[in-house]
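Listed after this line are the structures, all set down as structure tokens.
What follows is a pair of complexes built around chain A, which joins chain B in one and chain C in the other.
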Partner chain A sequence: MKSNTNMNNTTSMTRNDKHTVTTRQLCFMLAFFLPANKIILLPSVLTQYAGNDLLLAALAVFVLQGAAIFALLWIMSRTEKTLFELIEGKFGTWAARIFYFILGAYLLFSSVLPVTEHRLYTQNTMYDTLPTILIFIPFFFFSGYAAAKGLQCAGRAADVSALLFLVSVPVLLFMSVASVDFTALLPIGSAGAGKIFNASAHVLSWCSDAGWVLVFLGNVRVEKNFLCKTGISYACGAGVVLLFLAVFYGIFSTVAMNESFAVVKIARYYNALKTLGRIDYLFIYILSLVQLFALTLPIQLSAYTMGKAFNTDMPPLFSAIVNGVLLLVVLFTAKSFPSLERTINGYLFPVFLVFANALPLLCPLLLLGEKQARRDNNPQTDEQKDKEKDNDNRNNRDRKRQQIPAGGKEF
Partner chain B sequence: MKKTRFYLPRRWGEKIILFIVAFLFLLFFSTDFGLIDIQKTAIILAAGIDRTEDGNFSVTAQIAVPEASKSGGAAQATAISGSGETIARAFQEINTKTGWFPKLIFCDLIVLGETVTQGNVFDCLSYFMRNEQMSDNCLLAACEGSAQEILTATTPTESMPALALQKILATEAKESGNISTVNLKDFAADYFSEHKSGYMPFLFLLPQTEGAQGGQSGEGGQSGGGAQTAAAAQDNGQSGQSGKDQKSSVFYGACTAVFYDGKLKTVLTREESFALNLVVGKVRQATLQVPLPDGTAYALSLTDVKGKINLQTKDNLPRLKIGLKAVARVSDCTVPKSLENIASTNTVREELLQKAEELLARDISAVFEKCRENQCDIFGALDRLQKYHTTFYNAYKEDLLARIVPTFEIHVRDSD
Partner chain C sequence: MPPFFIYFLKTSAPARRLTRGGGYFTGDCLYCIVIMQKPEKDLRKNIQKLKELLPAEDILTFAFSLPSGRECTAIFTDGVTNKELLGEQVAKPLGEYTGEETFEGIIRAVAAPENKEGGDFASLTEEILDGNAVLFVDGFDRSLIVGVKTVPARAVMEPPTDIAIKGPRAGFVEDVKTNMSLLRTRIKTPELLFKTVTIGRRSRTKVALCYLKNIARDEVVRNIESRLKRIDIDGVSDSSYVALFLAGRRHSLFKQTGTTEKPDILAAKMLEGRVGILVDGSPIALTLPYLLIEDFQASEDYFVSPFRASFTRFIRIFSLIISIYLPAFYVSAQLFKLQLLPLGLLLTIASNIQGLPLSPSLEMFLTVLLLEVLTEASVRMPKYVGMALSVVGALVLGDTAVNAGILSTPAILIIALSGICLYTVPNLIETTSLIRLLMLLAAGSVGIYGIVLLTAFLLYYLFSSESYGAPLLAPFSPMIENDLRDAFTKYNLRELRDRPVPIRGNNKRRLRDDEE
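Moving on, here comes the complex of A and B:
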């Protein structure tokens, strides 16, 4: 037990600020990264399976994801340990390293579909004739650079994305509202439970955000009202997607399943575009920057977890490996996106069910016995700690009072 | 456990970035980004579709030619035709004949000829729906005769018929209630919905008289310099540049073609189309002609037009209530009036309002009955049944139109 504790302390000390994001940055990730890549192909795929009940299908997935993410956020609020440390504490270092390797592989796998989807999206909507695959290669330079920079880089990207998202998405939704007929969503539940759950299963790969939140365990500076702030951020992110889906189906109704790249299509019926031209593309380009950051996140985390698994500090090397593998996958699946999408969403969706749903929901079990272990290591009781804290506060207050002149303000 | 550290020398990083930038520039300037030279691109502004005698599609593409003009005159346009079993094949033929790569991104109008509307129009429209490069916001219109005639006509209003047609079918025209403007997305959404019924403007070509032509040319100045539209767009793909020897025509699109299951079923008259637009369109300001028994006629300007369609299933009987509310003011009269009368345009005589309501009720009723005869559920009764009266859906869906008891509630009031 003692040796175990020593090891824990050593690992905590080696973790540095490079791998830490703030509560604000995590909130931004949940609110702005989460919806960014769910508004490209997801709406039409949902419509394909659930028809006008796409909102119910999405809601089911978001509730499941919400529970998984909340479980992880709860762990973050209870302990500063990373997932690696928690597993290491329970099952030993090798188990933690193997698990991190598998998690890294999963994160790499989870980014295959979004990256290939984004390639297709870029080629089809940002070029008026079908360009070569080469135009998407620069993405891997960007992703490679970001993945080599550690988790803090993801946090900064979230800060930048917040502004970009708030500038672009509301404008696109505003441009679309005039053409929306929300009655197209009626009658609610007409697709039937079977079709709705089938649709939910088919979009699990898009809604697997708990998978990346796992890696942030112990890597977030927990602040006051942490659970409340992050919970609201997740609700906002999911809410934006649901609103977008409602607007999307309200515009396209029966032909919605044919409208693949939803985000570039919803605003094009705005009357002013006839005079001004496609100014909506300006906001689509701004949003694509957020999508780029969101797309890079699992890749960054994959490189990070791989680095942890091999216990080395060589981010550029792992970034190169992860991005190289992804590049090869993109090159080889360049002409077979539909079959790739069918395979991942139709047959491999249990992978997402395990890593992004079951695993996060089971993670709180890792905290069992943590309190006892803490007590064993530190005989000071919680009551004593509280008393000490109160004393500290009182002392601080007294010290301040002495500094401030009586009846006046401090200048 | 000792960790291995790996640092990239700073100068190496700079070199790598420079190399990447150089590589991207190389790709860009060698057009390896896949851009197509604009001189080899055919910017299609409108497409007309007909069926040939052997059942193939004949596509007439109104193409803007992106060539620099020394005189700085109007943009050049030409019309090229190609035919094939599918629309894609027809476009391919245009490409083969001219070397121009057809680009549909600016295609804002599709005109369907009579031969096409006799069958299911989605035989050809599905091509445009599949095309990711093309916007499904493009306007749709059916026409009398062939679409090729429409797109090769010489018009005094614009240098290219496609532009003239786009003006006629513009959203502004829809908002005045004169044209039943519809885009590909809305028409397709109706076709794939429960009721399978839709509508689009029906175009006629009205030849201009010689006198009218001269007058317009003199005044406008646009038609004189702009007559560069292709004269002949024969099936063999020839194109021309001068339309001087052609008779000028204008387009008339106030009638409406009504479709069921993709096939043209009936054509609504101008009055019926106007009534339909008031109920289902988003009309902002319309003008209604109201003749009175004493021989005088008034023009009423209708604003705040709100159409409402409501399906009820009371007593197991489907009742379709079609309502219309509008605010009227006098816009014109056939007889001279006193200055006081002219000044008080917001006050409309009760008799006039009543007559306007009667007229609108008559026309809306005529639209409904005409559509019912042709099984066209243009007011979307079946969709309403499915959305709001799901329990009755299975019982009524087969013969809903026959069962419906329509009621028309028209309220026209003055703004005083």
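Moving on, here comes the complex of A and C:
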């Protein structure tokens, strides 16, 4: 009886094109979404705790996060099942639903600090005088609209983000590179292990990307060399952040901890700005689009997982709920960002450790017994499989031969 | 007539067809009875029935007789039927016909190359209204439809909205048959297929679906055809009517069908795998699936060097960005972020806007509205008034408004630049001018963040838009490496080996390079 229910549910959860992204899109997310929001407050916070060893602290978090993400990517390459289906297969539908609800709540929680940070960032970069909080409310309209769309749209946003990121960040780095003194980063390790560890713990909320990668399990079209491509993309994303941190500290050195919104400040000493005006802002605004897309992704995933948890196909409803909650939180914490940041990074960081590190690292255990189950469902011997493969290959070859005219390639 | 027979007629398949597709006789059952009948042997009765069905004054009859004295009558529409041809190809040969007087013999005697045997009165009325003549011969319960249609059409000339410095100049005209022939002269393959559908209860407009078999996707052709057949409207004045029914989204900010006035462009698009739709009475052909990038691709790009083509594409994209964002950024810079402007420019602007009664956003909004009004008026006004209008627009409204201290010079300069830039992509003007206004609104109320948010919103809107399965923003999103060769930049034609991925069917290749 139980297995029947599971089967039915599994069928209803089959892969939907609306919620599928390609390998390339996932790569772009890892390479361009990942660093987009890590170059706002993260550099100054890292400097505050680790001084000139900010790179080591960041590297430690990236390695930890990289292991978690790699575990998830490995699962993606092994199975087409979503996390929901994997949990459902092991523990039943209700367990999967409860877990998805908790995961949705976590994704919502993980968005609180970035959204609040983004509000401060926009106030700083886009206005001369401090505007009212109401200016930020349209963000939730956009976020609500985006969250009501399928994951396919997030993938397409990643495609465009790649172009925007490559137009903006290299130019900003180029403008700032003349003022950099990389010797400020030396001597390496002078801050001590304790401080570096403390800094890493304090920035866990910024480096919790495995949390959203979890939702993409089974929602990615896996291609050839999947692990290699995605792995390199993650390394590139992390590399961009590290390069940015190095440039940032190279410019501001000991006063770096006071320079919040690093991305706005690194290019301001560029000579041409005196005559051209702050043209670096144009590139910052282009980057803002990528940051917006990256910021919306966990919110979108939160609405998606909530929808799955309640087994309903009403994305606008869950999008409205998730964004409504987020709006309330932002309004209530409008004037207390420092305490919010302290609470989340200082006391609630274990939540990120659980969802963005421990859980993804434990996920491969869900695959235990999968192979046996697959074999039980599809009792084909290896010989039969080989035969089928040979037949397929022969058929494909014949079909190709028929299509290609004698004169050469088909057109 | 027994009531059950009337009921049968009402519910039988042909009657239902008449009330839906050919429904100008809807509800009138007796009319249905007449129209479904076939001709009788009595010539006079046939003429009388047709006259009852077509009581209009422009429906004429042309009576003549065979040498044996057997009476013949041709019924046709005045002005649409070529009377000379009717005389030459029908009346004259039949007047001299001395062969066996069977209907087959008469058909053979008629010298018209385009003729077919008629069916019931429904089809006969349709043919007469379409411009063909229907021939009845006394003593035969059959009829002959003779293709002697002539449509007053203008000559094939260069379309005013799609002028090319290099390349073919011929443009479509209003006659669908001429347009089909213009296409056929460019694609001489049996794979070029036309499917004709009649749309409009009263206009009975012919709509031709044209595509290349094995190149266009079958499901797209089927989908378009079924949508065309489902259109139930009284009249179709232009292809834009049809475009509305073919659109995936009912209320869309962006275009959902491609348009062109040139057969060479339509042929090129069809060779990529698109489906063309020609509407009788409209010189504008529709193409589907539609991608946003195709409005940035001019036909000339394919006739000049790839470097020049890439440069002009960059200019088009850059101009469009300028036209949409420049007024909005000017307003938001003035209102919220003065740092954006270099000091020298800031001082110049400050001296110009000193004492202006309007806020920057209101000033810019008014100037944009003024430009829109001038554009609209200059299109509608007769040519000889247009000159006066431009003088009034440029001198009186512009110069005087600045001198009077109502508008500032930078605002007029920015709007003028924006207005000119907008016309580098003429096919997108409807959308871009609207987006420009929205951007201004966002900039004036929320500032630069408003512009960024609105851009993100529009992008997301585009991410979720598809045209018959082809993503509107392809090849940028989803990114298709192969198709990027003909997007921002334009590669050499020899490198454009494959048809665009979101559009093509099974046939992927479009050229074979011997040097490969």
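Some observations on this one:
In this section, the second predicted complex is superposed on the first by the 379 of 411 C-alpha atoms of A that agree within 3 Å, B and C clash if a C-alpha of one lies under 4 Å from a C-alpha of the other, contacts with A are read in each partner's own complex, and residues count from 1 in each chain.
Simple rule for what comes next: a residue touches a chain if its C-beta (ideal position, glycine included) is under 8 Å from a C-beta of that chain, and two chains touch if they have at least 3 such contacts.
Please read these numbers as outputs of a predicted model, since none were measured by experiment.
When the shared chain is aligned, chain C comes close enough to touch A:L289, but chain B does not. In the superposed pair of complexes, A:T183 makes contact with chain B only, with no contact to chain C. By the document's definition of touching, neither partner reaches A:F140: not chain B, not chain C. When both complexes are overlaid on chain A, the residue A:F33 reaches neither chain B nor chain C. Judged by the touch definition given at the top, the superposed model places A:Y127 against both chain B and chain C. By the touch criterion defined above, A:L163 reaches chain C but does not reach chain B.
Judged by the document's definition of touching, chain A residues 127-128, 131, 135, 138, 141, 274 lie at the interface with chain B and also at the interface with chain C.
On the side of chain B, the complex with chain A involves touching residues 1, 3-6, 8, 20, 24, 27, 32-36, 101, 103, 105, 129, 132-133, 135-137, 170-171, 183, 185, 188-189, 192-193, 386-388, 390.
In the complex of the two chains, the chain C residues touching chain A come out as 336-343, 345, 446-453, 455-457, 459-461, 463-464, 471, 473, 476-479, 506-512.
Those residues of chain A that touch chain C in the shared complex are 22, 24-25, 122, 126-128, 131, 135-136, 138-139, 141-142, 145-146, 149-150, 152-153, 155-157, 159-160, 162-163, 274-278, 281, 285, 288-289, 292-293, 403, 408-411. In the complex of the two chains, the chain A residues touching chain B come out as 14, 124-125, 127-132, 134-135, 138, 141, 183, 186-187, 190, 252-255, 258, 260-261, 268-269, 271, 274, 311-317.
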